[in-house]
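The first chain written gets the first letter, and so on, giving A, B, C and D; residue counts start at 1 in each chain.
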Amino acid sequence: MDSFLHTINGIPVLGIVFQFVEYFLNALPFMSRVAVELAVPICLAALCGVMCERSGVVNIGLEGIMLTAAFTGWFAEAVITGIMGPGTPTPVFGLTVPLVLALLAAIIAGMLLSLLHAWLSISVRADQIIAGAIINIAAFGMTGYLNTLLATVSLPVTSNFTALTIPSAVSNIPLVGWLIDALFGQGPIGILMVIIVVVFQIFLFRSRWGLRTRAVGEHPRAAETVGIDVIRTRYRNVVLSGALAALGGAYLSIEATNGFQAGMTQGRGFIGLAAMIVGRWTPLGAFGAALLFAASQAISQTISISPPTGELGTLLDHVPTQFFDALPYLITIVVLAGLIGRSIAPAADGRPYQRESAS
Amino acid sequence: MLTLGVPRVAAMTLVLLVLAACGGSPTTTTNSKWKIALMSATGTLQDHNFSQYSWEGAKKGAADIGAKDPATVVPVDSTDYAKDIQTFVDSGYNLIVTVAFDESGATTTAAKKNPNVKFIGVDQSPICIDTSGNLDTTFGCKGDPKTLLPNYTSLYFQEDQPGYLAGMVAASITKTKHIAAVGGINVVPPVVRYIQGFQLGAQAIDPSVKVDVAYVSTSDFTKAFNDPVAGKVLGSQLISQNHDDVLFQVAGKTGNGVLDAACAANVYAIGVDVDQYLSYPNADPCLVTSAEKHLSNAVEQAIKKVNDGTIAPGDTLFNAANNGIGISPFHGKEGMISAALQAKLTAALNGMKNGSVTTCPAKCGQP
Amino acid sequence: MRGITKRYPGVVANDHIDLDLRQGEIHALLGENGAGKTTLMNILYGLAVPDEGEILVDGQAVRIAGPSDAIARGIEMVHQHFMLIPVLSVAENVVLGEETMANPVFLDRREASRRIRKLAGRFGFELDPDAKVESLSVGQQQRVEILKTLYRDAQILVLDEPTAVLTPAETEEIFVLLRNLAKDGRSIIFISHKLNEVLEIADRITVIRRGRVVGERRPAETDDKELAELMVGRSVQLTVDRGESHPTEVMLKVEDLHVRDDRGNEVVRGVDVEIRRGEILGIAGVAGNGQDEFVEALVGLRRVASGRVWLNGRNVTGASPRQINEANVGYVPADRHRFGLILAFPLTDNLVLTSYYKPPFAHGLVRDGRAILAAARQRVREYDVRTPSTEVAAQTLSGGNQQKLIVSREFGGDTTLLVLDQPTRGLDVGSIEFIHKRIIEKRDAGTAVLLVSAELDEVLELSDRIAVMYRGKLVAFVDGRQADKNQVGLLMATGGATDETHEATGTST
Amino acid sequence: MSQAIARLPRPRALLRYLWSLIAVPLVSFFLALLVGAIVIILSSTLVLKNPFDPTLPLTAYQALAQGAFGSFNSVVTTLVITTPLLLAGLGVGIGFRAGLFNIGAQGQFLMGAVGAVAVAANMQSSPPAIAIPAALAGGALAGAAWGFVPGLLKATSGAHEVVTTIMMNYIALASLAWIVKGPLKEMGSNPPTTPDVGAAALPILIGSTGHLGILLAFAAVPIAWFLLFRTTRGFEIRAVGANPDAARYAGVNPRLMIVLTMSIAGMLAGLAGACTILGISHRMNTTFQTKVGFDSITVALLGRSNPIGIMFAALLFGAMRAGAPPMQINAGIPVELVDFIQALILLFLIANAVLRRLLRLRGVAGAEQTGFQTITRSYGRETLT
């Protein structure tokens, strides 16, 4: 470390630190916005995972569910627009009839895939990891297949959800303004995500549904002996969770951008899986993990688009640019290995429940 | 169950496929001696962009010479190139178009191996071969493709020229004196050339304009060219933090996200490669123009030339001189283009034709 | 219950069983493990579906498809294996399924805690509703289980082996509680294989064997001898003849041993003990007083916080399980599914689990399948483990046979020390007899035996010396032959008066 | 399973027994093709508005089959594609056996390739006999290192391998880009490209593309099988996977096994990468990417983490990947269809319980139970105590 610092014209470490803090604070308002935008799909995927696995069903099919929802949302909007015209977008969120219907379609698609996963994992009692893998492969294949076919078809122009513009009066509030702007200067799905995180957290630990979900995920037999229908609880959770991942997928194709690309999830489903684990299977934790990841991505992006000046700048010039690409992933590992350590899944996670088993 | 199931299912699949294989290959009828095939860049054909437009060109060309619609294949990753080209050759295709700078190696090798198959490569220059006509992996490039690989033509474009024009437009319409070019990744020479031209063009109009250059990734190709969301987010931050009010995208489908960002923030965007007003209508509200290389035209012409035997082997440059590049019409935004700017654009274009305008620095195509 | 019949592949668990329960009575269901008691109760509780027969409540036939139906009929069950969720709080466990709601969506935790405190108070015991169940002792968990049923105001109460893990004192308390409930007009089915308890608590006793009802008695008109014969189907001697022991030199010496549990609490707090060749030291104690951790520390499965362990004069403190094993120590774990066996693996692999790596079972890195198979066949024969073949997965075996599997592995060879943690838990009388005989044999062959068991009777029957473990200490040592059950029970419950603990020296006299 | 074999029945019953064995896979496969066919027809009529053409699927499947087996060359192609899938699949499979869900084959593959090139680039002058083994070793080591890290992290801090391996995949991408643009860049290359592997290039043994790696991959199958089922190490690995506590009691050190297994897995994936670069690409620029990493997970699952099963699964995948481009070229069916069909086969196979009910066959209990416990524990269960 010492020698390394000397090589860069003997800059005092402290100076660098101060410069970084200053740079960081200046960029914070913009970075935070970026971070949240990047976090939304990851977090929604992670929430889907939490809801499944809290009830004892492992779900690695997040990527597939998102991809399918992304495709369905975009395609449905195009088709509906073709049938009934684009319609005029509302001033806030830029809602149009096709757009809303498309979101609905995406959610339904996601829930149907989850239903398949539920059936395989709960009724068929198949290997839940294989079931998830099937969903991923099938989704990748199907959406890619259709997308390539559609290359030859000309589809009507589509619109997407627009972000809420926070009045500068609010966003300029000292200290918290930037935070409000980051969290709520989003499209409907983005804002919904923030709400879901809070609601889900409260429900999981304060509501009857939450208590029963946790019970089923920890010790299904015990739950059954007090008259809880394990199978039904798990079905409900898994199918419902599909809607969450679907929101994440829809965010990609009809909110953040305006169109579908084969494989546009770019592994966000798997990152979501990681976020769920780093967040220790709790909604807030998952949100935090997703945010941490997205934030470190935002930092590397910020450094690349408006690099710091002064000694800090020269210091960073010595760092290969690829390092900043890898930064978010490194940070995640460090956080998990260093701070969080072992995160333990719900006890019955991944264990198919067999009702009539002589004890 | 599965433990045994899988070997059995696999085994049976193999058997059945073998049986099926005994059938004759599907027959194709065509009144031209050319069987045309196209290998797109990895990922997908429907990029609203590069691959898709080369393909359009190939289709037009095929129609022109009365050949069957070109067959297409989308390689899964870079290890597929050689295999897929071989598949084309094996199934009797004799005019093969490969579309991506990194397919040059495979194409060169294939061209050397199959002298009586015609190859058209897009963006694959310089063709780098040794004196015996084999792919030169040491980049000495001693061999002369024209004589050594008469069946291989590489169409390449002077992207810095359309980039230059785009830069001029951007620098003229910016109010904040901040404009940005977003590249997919900095190891693709055409991408870099676009951006280098863009910078020079902007400076030519107004040296005080600040040109931000950002690359979506420096390592991950799929993210660089196939992740619109990444492009959107990057674009948004350029607008919000650096006050850039004209975004020039050079990042394929990721770049479409950049266009979305511009539209969402009511600033201007400039498309790339093709007239994105047509290829990506979603961005029409904010798209001023596109820095074009006339891909489909180039491919179409090349195919026609192959047909009437007038094709020139080796590296074929498309630039202002042969009208191979340009910027697309403004589609209703003509109002933004002052007569003065229009004049400058024309002048620059002429300057490029007669070489009086330099549009790229010395290390052209290298970051 | 009329003509209840239940078949599982291979066995008829219940064969046309009739059972009637009157209001306010305590009806004991007596039978060996595997006689079909639990199955019958699972059917009553809707956890299993009968192939034949019907259930009548207050005269009319009812269909009980699931626990919810049973609960709706006021039937509640306390399971042999606790149906508690460790990571949830007492309150959450109790209200689960019958939640006290503040509104249609959210729980009312304060109300729940209030009710629980009230109930517990009414039946004279204390429980912190907000404590996590995993932090409770087994005895307390038992209370939580009963609290669950009371909370649901059960009319018909089924208790499956409720006293298995309790001290005589705690057992008494439970009995009092049960009698009160009966006076309340509630009906209780009391499942057990402990004759004396049954005779003490029951108004009526139904004995079942191999899934059939073989007799019904009133406590007044029968005795344990007869019940035992009914239960087992032949005359059994209730106590093993342990013979004389001839202790020789010290084999195991433990000095001031301290051990922590998984949550970092020190649960073994300074144990000093010596065991000599040829003697059986029994450790009596209520489950959860540190026995398991103590034993795990001895065999190297758990880190020793402080103190020393000498094996045959060698310091083996903090030795690895393999090193301990190489010193010819046999270990029968309390939880055979966790440490004892790899359920998914065939018998062959399980039988060489601790010796797979050395000749004749492996030469260098390569395993010798033939040698393993031969050894497995031989052991299976010797300990007559009932199995279709030595290739089937261990999980296809019955509990008794699984335990025999472990015993055959750990008792084989010239073991210097045997560490037995609950060696007969959940086994049928036949297997218990079998294993007890083997233990005595090993002792007479000069092995030092450490026996830990929650079944006080077992400790009393087998041990030459008995140590009572209380809150992580060995609070007293008594001679196995003169030991008086109530005195030991008292020590287990209270740890005894201080002067006794002073006397308690680890060395045998 | 063994019970079923133990009591082998009389001739007529024997036929029924055999049928009960082949029925499910057979039906799964045909159902998959059937659904695939329906998708083809529907999509071409509904999406492309083509006239209804019932023979289209046949054309497609025929093209697929030909691409995989139609000619000697296509068979070789199939083998070439199978090679990396098989090697990486074995790696992932061994991981499953130890209860580890290694999603990192992707990164291990890439680093393997990098390692191979790095060695090869510095051995241009030495004879192939030395250069090839050296380069392969380089790849294997690099891959092993990339597997070792997540293993170590799990063993020491308990960091979940699912997270760390995913992250390592992306870190591998960045490292690759940096190495190709920096240390390993061939002078004057633009885009940045590594030197040719030269002397270390794997010799072509069959056809025009059948390189040495094929032998390597298929040789690895019996080795992996032997390691898992005939050696004490393998026993320890499987024990840790099936019941870490019992393994500890048996004297096995789970932490050690986790590190060892992850390293072996990484090594195999690394070899896959090495074979690809040394046998096919011969040089690397930053576009060097692959789908092998994720396909290999499916292969391992399909092969039930049993080397023999993995071999057939890899062959199946290889055949389909080889046949896909011809299918798109000659029948105009996008290559992605094969992914869909693979998913369907997998789907019908794990839904076999249902199929059996439909086909009125008695399932074989036990075998399945243990099958999935080992895999799913790898995700949910905690492997350390």
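Simple rule for what comes next: a contact is a pair of C-beta atoms (placed from the backbone, for glycine too) under 8 Å apart; a residue touches a chain by one contact, two chains touch by 3 or more.
Note that the structure is a prediction, hence the values are computed from the model and not measured.
Visitor: In the touch network of chains, how many steps separate chain B from chain C on the shortest route?
Guide: 2
Visitor: Would you identify the chain whose Cα-based centre sits farthest away from the centre of chain D?
Guide: If we average the C-alpha coordinates per chain, C ends up farthest from chain D.
Visitor: Give, as an integer number of Å, the spacing between the C-alpha centres of chain D and chain C.
Guide: Roughly 46 Å, centre to centre.
Visitor: Using the average of all C-alpha atoms in each chain as its centre, how far is it in Å between chain A and chain D?
Guide: About 28 Å, centre to centre.
Visitor: Using mean CA coordinates as chain centres, what's the chain A-chain B distance in Å?
Guide: The computed centroid separation for chain A versus chain B comes out at 32 Å.
Visitor: Indicate the residues of chain D shared as contacts by at least two other chains.
Guide: In chain D, 170, 173-174, 177-178, 181, 334, 350, 371 touch at least two other chains.
Visitor: Would you give the residues of chain A that are in contact with at least 2 other chains, written as numbers and ranges?
Guide: 144, 148, 150, 262, 322, 325-326 - these are the residues of chain A that touch more than one other chain.
Visitor: Mind giving me all the chain pairs that touch?
Guide: Chain pairs that touch: A-B, A-C, A-D, B-D, C-D.
Visitor: Write out the stretch or stretches of chain A touching chain B in their complex.
Guide: The contact residues of chain A facing chain B are 27, 30-31, 33-34, 37-38, 41, 144, 147-148, 150-151, 157-160, 162-163, 252, 256-259, 261-264, 266, 298, 301-302, 304-306, 321-322, 324-326.
Visitor: Residues of chain D touching chain A in their complex?
Guide: Against chain A, chain D makes touches at 39, 43-44, 47-48, 101, 103, 153, 156-160, 162-164, 166-168, 170-171, 173-175, 177-178, 181-182, 294, 297-298, 301, 334, 336-344, 346-347, 350-351, 353-354, 371-372, 375-382, 384.
Visitor: Residues of chain C touching chain A in their complex?
Guide: 8, 13, 38-39, 42, 45, 47-49, 66-68, 70-71, 77, 79-81, 83-88, 92, 95-99, 101, 105-107, 148
Visitor: Which residues, counting only chain A, touch chain C once they are in their complex?
Guide: Interface residues on chain A, with respect to chain C: 203, 206-209, 211-212, 214-215, 218-219, 221-229, 347, 356, 358-359.
Visitor: In the complex of these two chains, what residues of chain D are touching chain C?
Guide: Residues 2-3, 6, 230-233, 235, 238-239, 242-243, 245-251, 253, 366, 369-370, 373-374, 385 of chain D touch chain C in their complex.
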